[in-house]
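Order of writing sets the chain letters: A, B and C. Residues in each chain are counted from 1.
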Amino acid sequence: MLLALHGVSKRFGALQALRDVTCELDGRAVGLLGPNGAGKTTLMRACLGLLTPDAGEVRVLGIDARRDPGAVRMRLGYAAEGPHRIPGLSGLESVAYAGELCGLSRRTALLRAHEILDLVGLDEARQRPVEEYSTGMHQRVKLGMALVHDPELLMLDEPTSGLDPGNRDELLQLLVRLREGDGPAVLLSTHLLHDVERVCDTCIIMDRGQVRYAGSLEQLRARMGDDEHVLRGEGDLAGLASALAQAGHAVAPGERPDALRVRLIPGHGPEAIWRAAQAVGASLWQVQRRGQRLEDAFMAAIDGGGAEHRGEERARS
Amino acid sequence: MKDQVFSVGYRRLPGDRPRRWAPWPIARTALALAWRKRSTKLGVVLCAMSVFGHGIAIAAQVLAERVMGRMGDRDGPGVMRDVLRSVVGNVHATLATFIGMQMIACAFLLAMVAAGLVAEDRRTGAMELYFSRPLRRRDYVVGKLLAAGLVPLVTLVVPFSLLWLAAVGMAPARASQELMGLLLPGLLGAVVAAVVLTTTILGLSALGERGRTVGVIYVVGMLVLTSAGADLPRHGQAWAGYLSPLRNVQTLADAALDAGSTGMLMQLLISRPDTNPSVTLAVLCLLGLAGLGMALLLWRVRTEVAG
Amino acid sequence: MTIDAASVATMRIAGVTKMFGTVRALDEIDLELGPGVTGLLGPNGSGKSTLLKLISGQLRPDTGTVRVEGLDPFAQPEVFARLGLCPEQDKFYEEQTGEAFVTALTRLHGYGAREAKARAQAALARVGMTEHMRKPIRAMSRGMRQRTKIAQAIAHDPPIVLLDEPLTGTDPLGRADLIALVRALGQEGRCVVVSSHVLHEVEAMTHQVVLVRYGRLRAQGDIGRLRALLDDRPYRFRIEVGRPRALAAALIALPHVQATEVVGESALELTTTDLMALCRALPGEAARLGLVIDQLGSPDADLESLYRYLIE
């Protein structure tokens, strides 16, 4: 069991950051999702024993985080959001120092730091002082510091924020490799649902300090009902949409301007789509069946949690 | 040879990890970082010059002692011996002066090395890095105390011992016997000075957000206290002497080392701080200051992190 | 908020080079942008922000010209009335409320107090901040701050809107709304330039992109057509169908199909240089063989692949 929380509450002044959070989680890669102010960071800090909850019990990897934070942190690698660093140290020294603070000898820590920086892809720059680093290099160092002591669970708070596509792709690939290997399990807090879809098999959705969903991504999607088809192509897509709608299928606009989402009437196969496309003269280069979008599932989980409001941030447009 | 392709993926770290003493890497890294700054090296040179100067004075005094010893054999109770002694001074006073003067040099060095130890950790978010590791608050505090404490240890306590050793080694047998007893009281004075310096700089660092600001405030604060402690008693405000940590340390050192006159030569070279009338009160003031610094440091660490 | 068709927003950038000391930020950029949304993409440090600063008159090009609606933004501040900018930096007067902040900036465009306030409120409503606009900015989450910045950029109804990383820090709920807002701004006929790192979000806003790399233009235009231009990168294509071998035999005869590969009992992978021609021919071929195509798609036809092929 990676995480087990029972009735965890935490209040900061007027803000109820966590409200009776109870959940149990297992898996190789967990996504922690939620709007701003949902309590994601507070939850992670409670797991680290960096703050003491007002009530409830937090167990990480079977250890009580409040009673023995040292043992929890020894088995946990945490990379906080934000530009945390020790100016003057090089990337290599930062990672080795993090290892030493976890009890590695200086020599072991240095060797391990080199190995981890090879893994996260910080090459010649590792000997330069960290204050000269770009966002991408900095995120790599933070990841390295979280990995150096061979934790059993890696906790990352917004690791892809501010990264350009190339860097983001590499980081996500690395997390996927970690998930596949026998290294640490990953807990990833992020705003980007795509990152979670790519990396995670399990997720927690939080809103206003409460857990709305905790479980596998697959089940989350399944809760949303039938599969749908995503269509992309050239020609009269609007005509295709109305033809399908007339035949009784549910049609919705896709995420991209040139895409359609179609939910076929149960029992109908893709030939219905091909027939309609032929009729209006649209040529399709994508017809893909897929489970529910995580985005819809996420919205539904937040809406359906009994909250009359969609998160703080929801715009009414 | 067996054909094999080796994987370059994530490797588990083999073996158990014994729990090592965490304060040491904290202190070592802080000092290594400080050493990379040029200002630190300047501060060290300043301290070394002070050690060198007092060393020369002590050598002169010991040699004078030897000369006087020979004179004593021939002339009987001589005026010459008293004159020489009043000019050159005695080793007791020089060692006591060293503790006081070195405290000033050391305060400058600490302002460069240690002012940012806690302040910069808060500003750069390094505090978060520390406490997401299996560190207890105690480890952090001890690590920082060790880092700051090593500075006066190396520039004040150790040089004092070396000067004492040199004096004992060079002195004629009779004087050497008498100097032997100075080590423990002298070390006591030096260690108290070191403790006061260490805790005050860390306490101030715990209040600030930026190392440079803390350093400047520390030096200015020390100067203000020292000059207030030096000037106000001359205008009848005797109590103000206890404000000056330097004066208190000098009081303690003089009492511990049983210092007599410093000699005219030394008085020409440096203006030695005056002393306070009550040694007990001086020590209490020093301990109070150290306690205040320690309390600030502990309070800050407690408010920054739980557990 | 719509603009009359007569004042079609355009910006023209011709031969622009910008150096910062020895660092080359932009090199010989030629670019013309009209109404609609354009995504500005590139790695960190590729010159995206510099380009936006040149357009908004915060920097002057070393050589070359920047013209916004025919005016030089560095020399002719009249441009600013026609231009809204949402900068990347997260800097505010923290004590101000969102409403006061947007109102104050709108007043700088010469509106009276009442008008400015009305406009600020309208803009804040558009970005969904009506509920939170009386909070001090200090107390706002990253997403709310971001929305406030966008409101400030559109309050004076400019025909040109420049958005530098507008979605950073907003949560998934907010993102969907802001994407819809950007699309709407484009459909109103404004010239909207959005720089972003998150490619699928750019794809959701627009199909027109400009790619910069190391300060040079790498590509500009429609995502699909740009992808088709990469001759050295034929499309990979996957078809799931009942009898893949039969369909493969039929398709390999097409001139633009380079290779086919049967994967298992129900799938077929092929490479083609002309995706659309293949897709036009495919339904006919399948019908002739009596096959129903279950799924098909190209894994490398999207912006992500285009970006990877061009930038990395």
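In the analysis below, contacts are C-beta pairs under 8 Å (C-beta built on N, C-alpha and C of every residue); 3 or more make two chains touch, one makes a residue touch a chain.
What you see is a predicted model, and the numbers here were worked out from it, not measured in a lab.
**Q** Give the chain pair, either A-B or A-C, that is connected by more C-beta contacts.
**A** Of the two interfaces, A-C and A-B, more C-beta pairs touch across A-C.
**Q** Which chain's mean C-alpha position is nearest the mean C-alpha position of the whole protein set?
**A** Of the chains present, the most centrally placed is A.
**Q** Report the inter-chain centroid distance for chain B and chain C in whole angstrom, where each centroid is the mean of the CA atoms.
**A** 62
**Q** Where the CA atoms of chain A average out and where those of chain C average out, how many Å apart are those spots?
**A** 24
**Q** If you average the CA atoms of chain A and of chain B, how far apart do the two points sit, in angstrom?
**A** 51
**Q** If we count contacts the way the header does, which residues on chain A are in touch with chain C in the complex?
**A** It is residues 33-38, 134-136, 161-169, 191-194, 233-234, 255-258, 269-271, 274, 277-278, 283-289, 295, 298-299, 302, 310-317 of chain A that touch chain C.
**Q** Residues of chain C touching chain A in their complex?
**A** Per the touch definition, chain C meets chain A at residues 41-45, 126-130, 132, 141-144, 147, 168-178, 180-181, 183, 197-200, 203-204, 206-207, 224, 275-276, 278-280, 282-283, 286, 292-298, 301, 304, 307-308, 311-312.
**Q** Show me the residue ranges of chain A that touch chain B in the complex, using the header's touch definition.
**A** 48-52, 66, 69-71, 73-74, 76, 78, 80, 82-89, 93, 97-98, 100-106, 112, 115, 118-119, 145, 147, 149-150, 177-178, 181-183
**Q** Please name which positions on chain B make contact with chain A in the complex.
**A** Per the touch definition, chain B meets chain A at residues 8-13, 17-20, 22, 25-26, 29, 33, 36, 120, 124-126, 128-136, 305-307.
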